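A quick write-up on the structure given underneath.
Letters A, B, C and D mark the chains as written, and numbering starts fresh at 1 in each.
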Amino acid sequence: MSKPVELTIDGKKVTAKEGETILEAARRNGLYIPALCYLEGVSSFGGCRVCVVELKGSPRVFASCVTPVTGGMEVVTDSEKLRRYRRWAVELLLAERPHVCSVCVANGSCELQQLATELGVDHLRVDREWTDYEVDLTHERFAYDPNRCILCTRCIRVCDEVEGVHTLDLMLRGKNSKVIFDLDENWGFSRSCTSCGKCSASCPVGALYVKGKPLSEVKKKDLVSFIMERRSEK
Amino acid sequence: MAKIRLATVWLSGCSGCHMSFLDQDEKILELAGKAELVYSPIADVKDFPENVDVTLVEGAVGNEEQLQLLKKIRRNSRILVALGDCAVNGNVTALRNSLRNGDEEVLKRAYVENASLNQGVPEQVPRLLKRVLALNEVVKVDVYVPGCPPNAELISQVLNELLEGRAPVLEGRFKYG
Amino acid sequence: MPNSGGQQTGVKSDRRLQMLEAAIKQHQYSKDALLEILHTAQELYGYLDKDLLQHISRQLRLPPSHVYGVATFYNLFKLKKPGMHVVTVCMGTACYVKGAENIVSTIEREFNLKRGGTTSDGRLSLFVTRCIGACAMAPNAIVDGEVIGKATPEDVLRKVKSAMGAEMVEAR
Amino acid sequence: MKPDELRSLAQKESELRKSYRYRINVCCSSGCMPFGSLKVLSAFKDAVREFGVEEECYVARTGCVGTCSLAPAVLVEPGDYLYQNVTPEKAREIVKEHIVGGRPVKSMLYGNEAFFKKQLRIVLRNAGKIDPLRIEDYIAVGGYYALLKALTRMTPQGVIEEVALSGLKGRGGAGFLTGLKWRYVARAPGSPKYVIANLDEGDPGVFANRTLAEADPHAILEGMAIAAYAVGSQKGYIYVRSEYPLAVQTLKKAIEAARSMGVLGDNIFETSFSFDVELRLGAGAFVAGEETAILASIEGRRAMPRPRPPYPAQSGLWGKPTLINNVETLANVPVILLKGSEWFSSIGSKNCTGTKCFSLTGKVNNPGLIEVPMGITLREVVFDIGGGVAPGRRFKAVQVGGPSGGFLPEQLLDLPIDYESLTKAGAIMGSGGIVVLDDTSCMVDTAKFFTEFCVDESCGKCTPCRAGLYKLYKVLDGFTRGEGSVEDFSKVEELCEFIKEASLCGLGQTAPNPTLTTLRYFRDEYIAHLVEKRCPAGKCFGNSGGGGVE
């Protein structure tokens, strides 16, 4: 058994498991840190930078979803600086592709939209990109709109680590990165996809969705952690 | 106390934000007591007046005429409020930005492809901008009220704050998009 | 399933394929060797088309999306067939500072193509690269493998035209 | 190979070397090669035969001397006579006049004495003076003696101590203490352990590592072997840019030669230490030079950095403890072991010992590869060694540290070159690129150029670097057309801060430097673009000035 680690989060003493991340420790102790690319049940990615926290004694900020706890650590989860950084992260994601909430399936149940509200992102300070990726409607049940993708890679991790197939991955790099099926095939023609739907259940925005269903019914953020829990008990 | 000079403007948008504005119900009467509506699509005023205290702008900037009007609004207004998502970030109006030659394409779709009579773009239709712009891509915006449309309650709260001379804080109270 | 063997891919069984197989075998079908195998495949075939990538994915037992992701991540791998002649302009710092942009735009204008692209007749590709390391001779351009140092747009244009001209003479 | 064999081979080779009165070193590195150095090499060989001086004059194919703008360059020993722009015809004349007649051909000699005087060559000790393809040449000048010393007379612990005492810092950019890094890897539980030599020099305008590999590959291999002995590793990888075909070939041959000589392989020098090295080729991704991205790339994946901890020292290649050092760092090691840490730490400045290689390029009269003691001022580098800018032009700025290095103005030229001073001024040591700009260069446009580079090279994993840098680029691009206002400066600075502080890896964390330093030191140029709608350097607003082509 690993030994417990004592640390403080926002002045509150908490006990964490060795090897646990700051975000996990905070959540288990009922403390809230906003996060986006993090998904319980699969590996952490550390990409979106929404979950940044400060550590006493360091000038930098750290993504709490990938920073392991250490004994005596003093974590600050809320400050003017952190709010400023989180706002930038959300703003940049909103500006990166044409996120038009009013015509999006995820409107009302979108994690990015919720974060924008929560962080007070009421407008964008940078110009928006109007990408024109083709919407992939070739799968009989699912749809994929890359214009709404925020590259959080939840779907990729879920497909690889939970379903065990790795149909999805990223192609190209940088701002041109795109989530693909197999060799950038249309979804309906993917030979490896099992049509399990876990990717759309985990998508925080409206990029992957079930055709003809409101996202509020499709989104099952806890599905993955539930599956993993069941598996570990077997 | 002198009444606040209030203006509302309708650029490229669906007028839903104005509907929501009117939806304030009885609060609109309160507002009428405190503010004088000096320019609005629901009032018959031709030119945008000078010395306006608060201007609510609905819609994005879609053509040259609106571009010039918005600049004038900015010059003549003390506080400029972007009302609703089209004004804040382009929203549906700006969807054509994703199309190649979106400006020509939407006119073609409206006046040629979908027209059963008199196919062709009428001359009096103003030339569209290549790219639809949110207000803050053109001028400085003082207050943003997101939402499609923003709900009446929010509009009313924002106006109240402004009439009281305070800067409204919207964090956590609006719905982005 | 993409990884189940036996399926035909569009890769023709020829000497190049044999050499690719030998390289894969030499790396003991190791998944870690993906980059080396892609290098070998590109050397043999000139570029990596989907059939080839599908084949490699099967042989190394890697998900196709992973192979595609790697092949598109690195600039060196070409997924499209390059033109018969290739002009590469170095856009490293030293070359940029000394006016490499002018060389690129001259070629673009003259042959009506964009950087990274190939003319519609497939005769010329224009690439820009980030530093070939001959900074002291900046700006540099490479025409069909030959480096031109302290290049002017006119130098490069002349070289490209003569390379293309030579091939036209041969074709007759 | 037995220890005695190394000694006798070294003796034999150095005697052979001495038996020649002259040695003509023809630079055949990739700086000179495209300009006909192989033809010059064979012209020298022909001429030596023609004049019958084969017995007294040796013609060697060597690596880079550093004066790359003089390509092809030829160095005649003794006396270090450096000939520039040598052609086959000139080669014959040099043999006739200099070798046969004993009169150096003054008209062809390189005139700038300061270029060499202010330099101190430790890493490049053999560059341009030995044949990189002959391991015997390396052994003749004392090569593999340090490895012999380490294996037979020092404990791994002792090696680490010696390197730590020397104060050597990682030359790849971050400047972490090499000895400390080695200690971490040595102490890390787990085996096997790996050593990676980082030769993924992706910075545009930087070619120091390439030159080293082409000129003296065995210095890298020996450094790796010593490092491996110190940390307890048996397997090393050299991760090299595939855009460096000559370096790749040279290293390949060097590894083969080292294996057949027995300085790589099993039971080196009859000890229990075994070590072998494999080459791994990059494929065009700047970010792959980042420590954790290099691991991903060697494992055949997309070169996307991952957060640290765990550090590669704890969990590196395939989860095993891994030492990653830049090749320049490694090439210092054999000298430190032979001459001692005290000698090494006496060079350079107090907190920053030794030397640093720089690729000096841009609008400077004598571009090339230089190696200078730490603590030298930028002014000495730019004006003494580099010879300043072209006549009639005015020096404007110098960029230190590659694409994400900051730009420093004239008034900061007396800054000593060390990790701390550079970082404080907004520049970085980085990969050792020094780019000189004169008054024909626009600072706004240059900042845009480097930001664009980083946009292209961003792996796309984290938001600040992927989305933030692109927005920064767009804003700068607008600035070069006069779009925007001075009120945007604070927004740009705030965005830069976010990218710097919140990015996952060093690429994003340093990418805003060009923008921030130009905004800090050259704000008037930004204002000229936005307020006066003009470019002081005459480059922007559709002028196809191209930054003043010579």
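Criterion: contacts are C-beta pairs under 8 Å (C-beta built on N, C-alpha and C of every residue); 3 or more make two chains touch, one makes a residue touch a chain.
Remember, it's a predicted structure, so these values are computed and weren't measured experimentally.
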item	value
Chains linked by the largest number of contacting C-beta pairs	C-D
Inter-chain centre distance, chain B versus chain C - centres from mean C-alpha coordinates, in Å	51
Computed distance of Cα centres, chain D from chain C, in Å	26
Distance between chain centroids, defined by C-alpha means - chain A, chain B (Å)	34
Rounded Å distance between chain A and chain C, as computed from the means of their C-alpha atoms	35
Where chain A touches two or more other chains at once, by residue number	125, 127, 170, 172-173
Shared-contact residues (touching 2 or more other chains) in chain C	66, 69, 73
Touch relationships between chains, expressed as pairs	A-B, A-C, A-D, C-D
Interfacial residue positions of chain C with respect to chain D in the complex	30-36, 38-39, 66, 69-70, 73-77, 91-99, 101-102, 105, 129-139, 146-147, 149-150, 152
Touching residues (chain side chain B, partner chain A) in the complex	82, 85, 88-92, 94-95, 97-100, 131, 134, 136-137, 141, 144-146, 148, 169-177
Of all residues in chain A, those that touch chain D in their complex	45-50, 52, 60-61, 63, 66-68, 84-85, 88-89, 92-93, 95-96, 125-127, 151, 170, 172-177
Footprint of chain A on chain D - complex, ascending	285, 302, 306-307, 309, 455-464, 466-468, 470-471, 474-475, 491, 494-495, 498, 501-504
Touch list for chain D against partner chain C, complex	30-31, 34-35, 67-69, 71, 201-207, 210, 242-244, 280-286, 297-303, 359, 361-363, 367-368, 399, 403, 433, 435, 437, 441, 446, 449-450, 453, 456-457, 459, 544, 546-550
